[in-house]
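Going in written order, the chains are labelled A, B and C, and every chain counts its residues from 1.
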């Protein structure tokens, strides 16, 4: 289905949806752009830049309570209470790369044997209304990882800015339902303009880099610690890259004692941190940042593709590059492994 | 396992045994009687024990699935969760998320000679398979158990060792590192005693578990004795959180120790990147 | 001979005896530099300096313990090196310091505010003596360096490296502003306003610890008290209260040690103005102990020592 929605009506759509759902939209936030829970009256910032954070918090929040244990005064035995998420969510105005991130989560969080009910509950109750990009940033490389500035996969509705509004295209039945609202009007022949814009954006990105040889080439460098020491020299082992990444899905599980009750929470975790693989005995298989960077890059461009039909666990959004305090560039690292002369 | 893989079952500790100065064995029963009756697992599988408000930790279920009165876990006190576990008494409540991981290939081991080589707390995963095989004795040919520790005090399952050493249908050899007064069994490092025992590799599978340094030299000894890589089995330890292959931390290359392991053959380990 | 040429000559003269020399090179786009680890003369060709060279390279020094390395430092960076040496975390004998006389560095945040389009769309940059000509999304804009300088440069009284083996460039007579407008304005707010501000701002924090790891003085990183489970000081839960608690821990641990290099604020991926807290804390340290971190070698940070009677603390005069 193809329709058109004016900028004003898009804002009204946000207000209407906010009445029944949690709407996450990009807002200007003290000089940066982040996703905040939309309240009527907020000013949206859809166009100045891609949001600094990814919209993955909609399906995978930074903190999520898995269960609560209540300990009543001695008579009653402690009780475990499951705390599954409730409600519906809408992400409005993310970019295709951000919406695509959850496609990397899906085969991990739902397999034949194991289903993660917290993730699946949010996943099935979140609609993504994405905005195609007009031009790439210097750090964008979605075209090299099987995507592009107007890639619909992962979105329910894809918008393209044309004049004072957006051409809207439905991608899923859920998207179509939203587009049936009266706020959307006939697209006329604006569709052609949208196509031209999308094509122009893709053209501006230039030639895609071929990562096909990356899985094997990265494994070939596994024992080459000199390579990884050089690649990781400027890394400060923080976690900005991981937390900003739409496809990074690792988490930690910790308990908080709250007196007569306790909560078990899951929070984003980051494989670049020292304690990520620290064992009780004190042994740490990834004791240096070189080992940890090797695992992060290896997981995204080698292990995950090997396990999941060649899909790279990266959406090419470039946040890890521009948010890195020291400018570590994952594109350079993978390229160096691919071009390494034996 | 619950449909929600993160939800533990509430369980009661029925017995606590002090094995060594820092190892305790816990025998636990799930509070839900039906679930306890229906609970099944295979030797080698692990479980996560929860001390609510503190955290969860992974331990092998070291009782045999043939003995269902309780589930047994042996815990070495090394950190936050294990320290709190060690403070618990019979009657206390804990959470259990089990069974997790893969198991020893008990079907493939049928009709074979088995050599167990265990060091210290490494006896825990071996115990589950050892007792399982004793309960299904006719399915296996010669069974040898070589179990060693630094000193007599560091041996676990002391109450069961007399039975294991006196049984005629298994060859149990105990060893300690240095001579000790009153010690009636062997003295010597495990790999050296293994070479003395000289098990023949033909139709034999070796199963070993223990501290990394012991595994390293035991593997060398097994190779010297002519054991092939696919006939050497071990179980790995890793920091685990979800235990179901999602949280992303226990991987070695493409394999996740919580779902593709913790039981691996040496042949499988050799194919993985070297990140133990 | 330019400052860069002099610097390269100096580095070349010592490169052979060092594991590496840490400097900067062009980064992932024309508006960014990135740290460079120079091990050969070929590496040396990539070295750059200038207003884009914002990174405080002193933060890497503790990772090279036991090895002899060289590091290129601006005036502010040299304060971090001094502080590390005063705390005996780095040995003077293990570091060859290539000090620069610095003309100031940029703030990417200010550049973003001054450009007609987001700097992510930058196409080219020409660095002039006191201006930056930036072409972004097809539009050209000339920015005065003075307008997009980092906050720390406006109040900097140590533009030239304080300690060095080589001091390169034209010496400055510093003329710093007495204080920063943004700091004064914030401190003038009421307690309720300040609280509301941090409540809102810490809601953005994702606890990535980029601030902690970028800080040259934060050496506990792998064993940080904020990630300790036993004792548990801060929950992993991403609440503004827990996030603020982490900042309180960080700021307290920096008392008397923070050299105001500003890396924490620069590193923050969601632009939290962390320096508001640290500058205020440093003011208290100046008042109570008359001390500024990293200004001279062989000084002991006031909270790493004990005096029976403190000059400026009235303990017994109730």
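The working rule: a residue touches a chain if its C-beta (ideal position, glycine included) is under 8 Å from a C-beta of that chain, and two chains touch if they have at least 3 such contacts.
None of the values given here were measured: they were computed from a predicted structure.
Trainee: Going by C-alpha centres, which chain is most central here?
Mentor: Of all chains shown, the one whose C-alpha centre lies nearest the global C-alpha mean is A.
Trainee: Go through A-C and B-C and name the pair with more C-beta contacts between its chains.
Mentor: Here the pair linked by more C-beta pairs in contact is A-C.
Trainee: Take the average of all CA coordinates in subunit A, do the same for subunit B, and state the distance between these two points in whole angstrom.
Mentor: Between these chains, centre-to-centre, one finds 39 Å.
Trainee: On a C-alpha centroid basis, what's the spacing between subunit A and subunit C, in Å?
Mentor: Centre separation, subunit A to subunit C: 30 Å.
Trainee: For subunit B versus subunit C, what separation do you get between their C-alpha means, in angstrom?
Mentor: Those two chain centres are 51 Å apart.
Trainee: Return the residues of subunit C touching two or more other chains; collapse runs of consecutive numbers into ranges.
Mentor: In subunit C, the residues touching two or more other chains are 229.
Trainee: Residues touching two or more other chains, restricted to subunit A: which are they?
Mentor: 252, 254, 256
Trainee: Quick check on subunit B: which residues sit in contact with 2+ other chains?
Mentor: Where subunit B meets two or more other chains at a single residue, that happens at 55, 79.
Trainee: Show me the residue ranges of subunit B that touch subunit C in the complex, using the header's touch definition.
Mentor: Residues in contact with subunit C: 55, 79-80, 83.
Trainee: Quick check on the complex: what are the subunit A residues that touch subunit C?
Mentor: 29-32, 34, 48-50, 52-53, 62-63, 135, 137-139, 230, 233-234, 236-240, 242-244, 252, 254, 256, 265, 267-268, 270, 273-275, 319, 321-323, 325-329
Trainee: Spell out the part of subunit C that touches subunit B in their complex, as residue ranges.
Mentor: 229-230
Trainee: Using the touch definition up top, name the residues of subunit A that touch subunit B in the complex.
Mentor: 66-67, 69, 71, 77-80, 82, 84, 108-109, 111, 113-118, 219, 222-223, 249-258, 262, 264, 266, 269, 271, 276-283, 285-286, 291, 295, 298-299, 303, 306-307
Trainee: Inside the complex, what are the residues of subunit C that reach subunit A?
Mentor: Residues 20, 27-29, 32-37, 55, 59-60, 109, 112-113, 117-118, 120-122, 137, 201, 204, 206-210, 212-214, 221-223, 227, 229, 232, 235-239, 263, 266-267, 269-273.
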